[in-house]
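Labels run A, B, C, D and E following the written order; every chain starts at residue 1.
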Amino acid sequence: MNNLFTAQDWNAVAPLFIVGCVALLVLLADLAAPKHANRYVSIGIGIAGLAAGGVYAGMQYYAPAYDAFGGGFINGGFTIVFEEIIIVAAMFSLAMCANIGRADRMAGVTALILWSTSGAMLMAGAANLMTIFLGLELLSLALYCLCGLSDRPAAQESALKYLILSSTASGFLLFGMALLFGASGSVLLSALAAPALAANPLYWIGAGLFLVGLAFKLSLAPFHVWSPDVYEGAPLPITAFMSVVTKAGTLAVFARFAYGAVPHASSSPLLIPFFIVAGISMIVGNLGMLAQTDIKRLLAYSGIAQIGYVVAALAGTSALGVRYAIYYLVAYTFMNLGVFAIAALSSSDNEEGSRIASFQGLAHRRPVLAAVMSLFLLALAGFPPTAGFLGKILILSTNVGTGFAWLAGLLIAGTAISLYAYFKIIRLMYEPHVRPHETVRAAAPLAYVSVAVCAVVVIVMTFYPFTPSNVLPLVK
Amino acid sequence: MSLVLILLPLLAGAVLFALPATDRTASRAIGCVAAAITFLLPLVSQGDGNVTAHWLSRPFTASLHFAWSGISFWLVLLLALCTFCAILSTNMNRPRVMIALLLMLEGSMMGVFTARDVLAFALFWDLMLIPPFFALVGWGGHRETAWRYLIYNFAGGLLLLLATAAFGVIYGSTDVIGTSHQLLGAWAPWIFAAFAFAFAVKTPVFPLHTWMPATYADSPPPMVSVVSAVQSKAGVYGLLVICLPFLSAAMAQTRWIFIIMGLVSLLYGAYVALVQTDGKRVVAYSSLSHLGLIILGIFSLNPIAIAGVIVYIVAHGLFSAALFLILGYVEQREGTRSLTRLGGLGAHNPKLAGAFTIAALGALGLPGLAGFAGELVILTGVFKAGLFWPALIALIPIVLASAYMLRLLQDIINGPEVADIPQRADLTLTEALALAPLLAALVVVGCYPHALLSTGFSAMPSVAAAPAAVVGERP
Amino acid sequence: MSAYGVSHHMGIDGNYPVLFVIWLLPLAGAILNWAFGPQLQRMSAWLGSAVLAVSFIATLAAWGIGTQSSDGALGAHQALFSWFPGFNFGLLLDPLALIWVLIITGVGFLIHLYSIGYMWSDSAIARFFAYMNFFVFAMLTLVLSDNFVGLLVGWGLVGLASYFLIGFWFFKPTAVAAARKAFVINVVGDVGIMFAIFIIFARIGSISFADVFANPHALDPWLFWTCVFLFIGAAAKSAQLPLHTWLPDAMEGPTPVSALIHAATMVTAGVYLVARCAPLWSASHDAQTLVGTVGCLTALAGALLGTAQWDIKRILAYSTMSQIGYMIMGVGVTAYSAGVAHFFTHAFFKACLFLGSGIIIHELSDEQDIRLMGGMRQRAPVAFWAMLSAVLAISGCPPFAGYFSKDRVIYGALEHGYVWMWVVGLITAGITAYYMFRLFFVTFLGTYRGDLDPASVGVDREEHAAHQEPHHAHAPAWLMAVPVGVLGVFSLIGGWIMVTPSSPWAHFFAQSFPRETLPPPAISEAVTTALAIVMLLAGAAVAYARYATAPALADAPERLRRETQTLPAILVHLYYFNELIDVLFVRPARAAGAFFSQWVDPHFVDGAVREVVITNRFLGTLVRSFQTGLLRAYALIVVFGAACFAVYYALAGGAR
Amino acid sequence: MHASLLPAAILDYISLSFVIFAIGVAGVLLRRNPLIMLMSIELMWNAANLLFLAFARAWLNNAGHIFAFLVITVAAAEAAIGLAIVVVVFRSRANVDVDEVALLKG
Amino acid sequence: MIEFAILAFVLIVSAIFVITASKPIYSVVGLLAHFAALAVMYFSLAAEFLAVIQVIVYSGAILMLFLFVIALLSSGVSPFAEGPNRLPKIAVPALAFVLILLGFCVYAAARAPVAANAGAVSASIAGPVGAANVFGSVGDFGRALFTVYLLPFEITAFILMVAVIGVILLAGDATPYVPTRRRARLVEREMREAVLRAGEE
């Protein structure tokens, strides 16, 4: 009984357990820490814990893939890459907390962020329906609370909306899982690839409802309706966290399902609707950006479109596709978080720097910051020399190669639409007319560091494209 | 070596921001030196400054590969020269920023012209949209002009992206500029269509030109002189180095579409230029007309015509840059560009009048100047390719050109002096120096286009490879 | 030796520095005068003239090499450079070119000399001489070039020079307009030559005369069209119908300009072109007919217009047009040496007439209307005698120069079987005599009318005022008198070298032009001459009767006024050519431009773009209109999507 | 006990849970009281649970039981958080009609 | 079979009652009935442990929470007063359509041939109910939970922690609070202004 699971099993899940347990450590430390410093104590410990988890996971990167806990969790390149993405995003979000939100709540917030992170990390490796479900719920439950953690009525509203809608979606997901279980008689994804299932309607309906749940979490149109409101309402760092972590985790699950749990996937019509909604969200997301006045809301729509691009890369489930999806996801992580970090920097109490108007004339107040901001926006718009540019090239070539040219076309159309929205902000920053100086809080150096890191990565990735080779999402 | 051409201007542009915002002389000096170096480097250095670094191996081979061989050489020189003159003549509020933008523009366009890799080409292609956009935001009169310029050209850039990806996947590598290989198969026409759209927008060609007059009219003179002189050539350059060597079969299939588009641009631009009252718009529409001729020349798919195209690219660059700079001087002095308000400047500004006259004559294709050499050789080739009517029709705009160019020239410098404009002083030494090289080059190229022509002939490997129907020699 | 008596390789290849002297010296002068004008001031005038003098002497020195010949190669050929195979450039001095070069430099020198006096007090004298030298350079480029493209370059450059000089006084709106008109119409001609070049290169693969003329029939079936397009160029440059309208307006320029460019040299470039392309014309009978016809009609039309003008320079302009009509007719019907001969003599007497009238205009401080002249004999004796000689020459009175050449042309037409041209030519000779003597009598005889009220002689002031040249102080008289005198003398003796068919002249061109042996026509040359003299006397007599009899001189003002009112409208309005061109070309072009720029561009082309933008905006609002903020609405949307999914999968999964 | 441990055909369970699920969905869509919405969600989840157990029985695979157990746990946590949020929202406004909670839109 | 029919009937009716009840408190009662019926059905599916859990956790814990919150909110001013229905008109047909689609799914699923052979009764589960290592028994369940499915079980720990900490943070530190109409109006206005300010750019 006690030699049922070997050390290998525990190694696989150790990173997420480290992160989860550090959360408890944060809570304890908060009791001990002096009141004036507790904000930084919590953030410090949190980031340290995340780093530890990241390092631990990273050390196993080159080990061959294997599944732990009887297929509950698969460790391997794919899992670890996603874990790293998630961890980095969590770190940046914590760094942003440095000057936003109430200090006395910081410990709890940090803990919740960490648990949410560990939930996403679980999704990254989850290979059976239970772990998928639990990871998803761990991630979401923490996020419901985090969204509501502000005195602004908008925040509470966003929490309520997120909770109700997300639970409904989870209902669909769960029901789908039940049907999948019924069809295959097993909760393992690997069991779902059995060719016999291709003819089983239970399997099909189950897969359908399952994908609905994933599409909701990825906020693909038309399941995106929640994200603009929630992003706008939630506190800035939480929005940043959500915009990457939720999507990364869910994308990992989807990739695993698409690559491992679909009978002869590349030719099967089973995934087509998912790619169709990806295409729709490229258009819808970019259109939604056009007349926004709140940067968080704008980024919500932008995220809808961007994740559409990422999913498009998986169309045809080619071996290269997943690598480019990861490349673009990483690019998206950094350019997106870069914008959030700058918004956090230029944030003041009354409005968390989230009103686009507050960027007006930024180039005259803080030229460097404005330049970097422009860089991130250019990247989101797919302008060179940024990772966004190369990422689009890679996705386009995948689509052309796998015969999904229509997705490529939609990608082009969507990007063309998005240009105006992104450049509107740039123009605003460089407009000669300067509005009265904002009361900008003295920001923590941490925030500057994260901005710098994002900027460097976004450029470097263009010329040293990072497309790891051992990231095929195996299920067995 | 050729990386210097790209990085030096960019760095110089960045350095300028260290200077005080109102500084003019220092930034001008730095800018001119940088531009001068980029001009001299290809001339003095041996070889073609080949630099290459691996970039992608999947989904297709791509490398950061730059060199200034072939057509690139001339465009690099043209670009450096125009930038030099533009910087020298920069004389407006916030000069430092303008010069920085000019340098960044030069750097990015150096990338376009020296890239040996289609992906790198596409990268710089988009990059070179940004400085003019900022110039329009900072100095332009109307906000929507900037949008129109950016979105229109970026739409083209996106299709270029798509085409590049498809090209890479089909051909396996994008490190191809300078080589030649017929791309056949079902994809080829679509790839060509995407490329062609991007290039046609940039050039621009008739139905896709509406971003151009507004942009040229609104941009500050130094910027527009470079944009019209060199940036508009990027499209033509793309057609020459990407489409001709790889897709000339597809070009041959669709040539009539483009020949007609070219002819329409020729006539349309000329007729519209005939009635414009804004000096800059006259030149803008004349550019539409002239570039129509270039398109016609390219799609005649005849070696002689292509050789002429090379000459005409340079020629148009020289005289349009000069014209825009001169109009800039005039506007700066007299505060207006309206042909109806200006007049009689020649009496007090002989230097201005002289320079203006030479530039205008170059534009209307006066024999002995570069424009004429280009027109003549292009149309000779077009006719030789068996395109009788296009060659004949293409002669009408030449007559119209003399009409509208003389109108532009005479309405500004001839006639009795106009009372209600300031009539300020003649060209300063700097301004004259900024024009001199352009006009001198106009004459030299007009008499001795040999080198350009030979480049043009060597730029045509694919036509030899292409089916005989393409080359359409008269039987 | 081809069948056409023209050698394959025109000119003996070699290095001929003298050609460069002749050719480039004027350019040097132009550049110097242009660059250092402010410093040189009047010195530039002497510099410019000196340059021409040297160039002329060099030409005389080059006589030998220009006329040398060995195994059929005639003249001197200097290779320059090549753009690409088939586009080879070079200089060619053969007898034909030599004649032109002589006139250009020789007469050019005299006119330069004259201009010193004429432009003495003009502040822009340096610019003037720069332009003049530049013109000479351009004209030399035209005639010395050994290929069509080089010729076209010169063709364009002389057009430019003429543009500069017509618009020399650029503060005069009329001058500016005239300059533009001249240039644009000349570009039409350039374009014609360009197209001819396309054909030639496409068919023959070379642009050099030698290769083209070696076998003109290589151009078939395009030979005729090549000639037509070439002739479009010739017609534009030489003011042939219907492209002549710019020439009278060109009189806006200073008088020496009219003399040099619009009388002696540039306008005869068309004649040169046809003569130069003799092999082509000889090979295409249709082309001969066409060109001969056009020339003949132009001669008549110009002469008729000459009878109805009052502005002294415009009368001369139309007479130029008419005389060039003769030349074109001559070369057109392949009587090449005759046509060229008429160019030769015409250069002298027409230059003389212009310069003489220049003296008068000068004398009367820029009055150009002959109705306000009269009695000039006393005030300008030199002009009187010189112009008398020139008038006799132009109206073809033996033994003056014009007599020999004009007879050759008229008889040439007959020789080549164009009887009606012969008839028209004779009639035109009569008309010419009439209007030239009219000019002469009204200007020189009688009493000075300048102090009368202009209206009393029928002068319309506004239209008249436009033709004022700026007043300038007087220069040393001999500066202007000498050239006029010299030209007067040449108007007398200039034709003596071409008296008989075996004259030096005929011998001179023996090898240049295709030799043809024609059947002798029904009417002999003697008869032609006799008829010509009769016509001359008739014309002169009518003129005498109307303007020179004692009573006529007595009430000259009254008669002039009446004549002014009774002139036929069609002549006064120059056959409505300007109006016609305006309606047919200018207005439509403007209309098209306005239509495109005010309707097509903003509404049609740009409209499409704007539609896209608007659609995007609308879609954006549509997307955001789903974000009602209502939780249940969101739930509905999500469930809706979910239901669609479920149905798709239920169906795709095979549950029926 | 022998008679039939699975008292009905599996299809009946599927249909039943589908119906309950649909009722739950309808509840979310129709009601404007967040509490009742939460209850409807509980209905949906329980429908899923029922399905899990039915299939577990059908396959004789107790993974379904574990799954249902986990779902119940999560449902408890989710209900707790949900109710807390409802309370917070209620604090800032005097009532909890979700149609009144529409600050964020566009 | 018959007991299944009865249970199904009870389940459906109670579910409908839940979503139609006029007062939340009635819904809770309906839900209670629903859960009870479910427990019975679980039992009939040989999942005694789950049946027990269902009763304890759901009926015992979760429903109590609901009741508690209802009680808490009822101290306010008309907590469950419903304003005008703001759903756009389009919602009605859309809703109808959705329900039809769902109905189709039910139908489709019900017609679906299932690979799993219904009512496969293997001898392995014969034996006294409740005995260990019999399918569905506590022992069987526990063994599975702590061996094969250990990882999910561990994760639930985090989930419960999240619930605890989250709820504390959300509702914990609130000062005692008496909602009144006036105060509600104040909040409303303040919020609308905030939105307008953000919206005007």
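As a working rule, contacts are C-beta pairs under 8 Å (C-beta built on N, C-alpha and C of every residue); 3 or more make two chains touch, one makes a residue touch a chain.
Remember, predicted model here, so these are calculated numbers, not experimental data.
Undergrad: Measuring from CA centroids, which chain ends up nearest the centre of the complete protein set?
TA: B
Undergrad: Give me the two chains with the most inter-chain contact pairs.
TA: Chain pair with the maximum contact count: D-E.
Undergrad: Can you check how far apart chain A and chain D are, centre to centre, with Cα atoms defining each centre and the answer in Å?
TA: Going by mean C-alpha positions, chain A sits 27 Å from chain D.
Undergrad: If you average the CA atoms of chain B and of chain C, how far apart do the two points sit, in angstrom?
TA: 36
Undergrad: Between chain B and chain E, what is the gap in Å from one C-alpha centre to the other?
TA: A distance of 68 Å separates the two centres.
Undergrad: Let me have the rounded angstrom distance from the C-alpha centre of chain C over to the C-alpha centre of chain E, please.
TA: Inter-chain centre distance comes to 100 Å.
Undergrad: Where in chain D do residues touch two or more other chains at once?
TA: Residues 10, 14, 24-25, 28-30, 32, 38, 49, 54-55, 58-59, 63, 66, 70, 74, 77-78, 81, 84-86, 88, 92-93, 98-99, 101-106.
Undergrad: If a residue has to touch 2 or more other chains to count, which residues of chain E qualify?
TA: 86-87, 95, 98, 102, 105, 108-109, 112, 114, 116, 149, 152, 156, 159, 162-163, 166-167, 170, 187, 191, 194-195, 199
Undergrad: What positions in chain B touch 2 or more of the other chains?
TA: In chain B, no residue touches at least two other chains, as defined above.
Undergrad: Mind listing each pair of touching chains for me?
TA: Pairs satisfying the touch definition: A-B, A-C, A-D, A-E, B-C, C-D, C-E, D-E.
Undergrad: Which residues of chain C touch chain E in their complex?
TA: Going by the criterion above, the answer is residues 628, 630, 632-633, 636, 639-640, 643-644, 646-647, 650-651, 653, 655-656.
Undergrad: For the complex, give me every residue of chain C touching chain A.
TA: 616-617, 619-624, 626-627, 629, 631, 633-635, 637-642, 645-646, 648-650, 652-655
Undergrad: Quick one: which bits of chain C touch chain B in the complex? Just the residue numbers, please.
TA: On the chain C side, the touching residues are 81-84, 87, 149, 152-157, 160, 167, 170-171, 173, 176, 179-180, 183-184, 187-188, 190-191, 194-195, 197-199, 201-203, 589-590, 592-594, 596-597, 600-601, 605-606, 608-609.
Undergrad: Could you please specify the touching residues of chain E with respect to chain D in the complex?
TA: So the residues of chain E in touch with chain D come to 1, 3-4, 8, 11-12, 15-16, 18-19, 21, 24, 27-28, 31, 34-35, 38, 41-42, 44-47, 49-50, 53-54, 57-58, 61-62, 65-66, 68-70, 72-73, 76-87, 95, 98-99, 102-103, 105-106, 109-110, 112, 114, 116-122, 124-126, 129, 135-136, 140-141, 144-145, 149, 152-153, 156, 159-160, 162-163, 166-167, 170-171, 174, 177, 179-181, 183-184, 187-188, 191-192, 194-195, 199.
Undergrad: With touch defined as at the start, can you tell me which chain A residues reach chain D in the complex?
TA: Answer in residue numbers: 129-130, 133-134, 137, 141, 144-145, 148, 153-154, 156-161, 163-164, 167-168, 170-172, 174-175, 177-179, 181-182, 185-187, 202, 228-229, 232-233, 292, 297.
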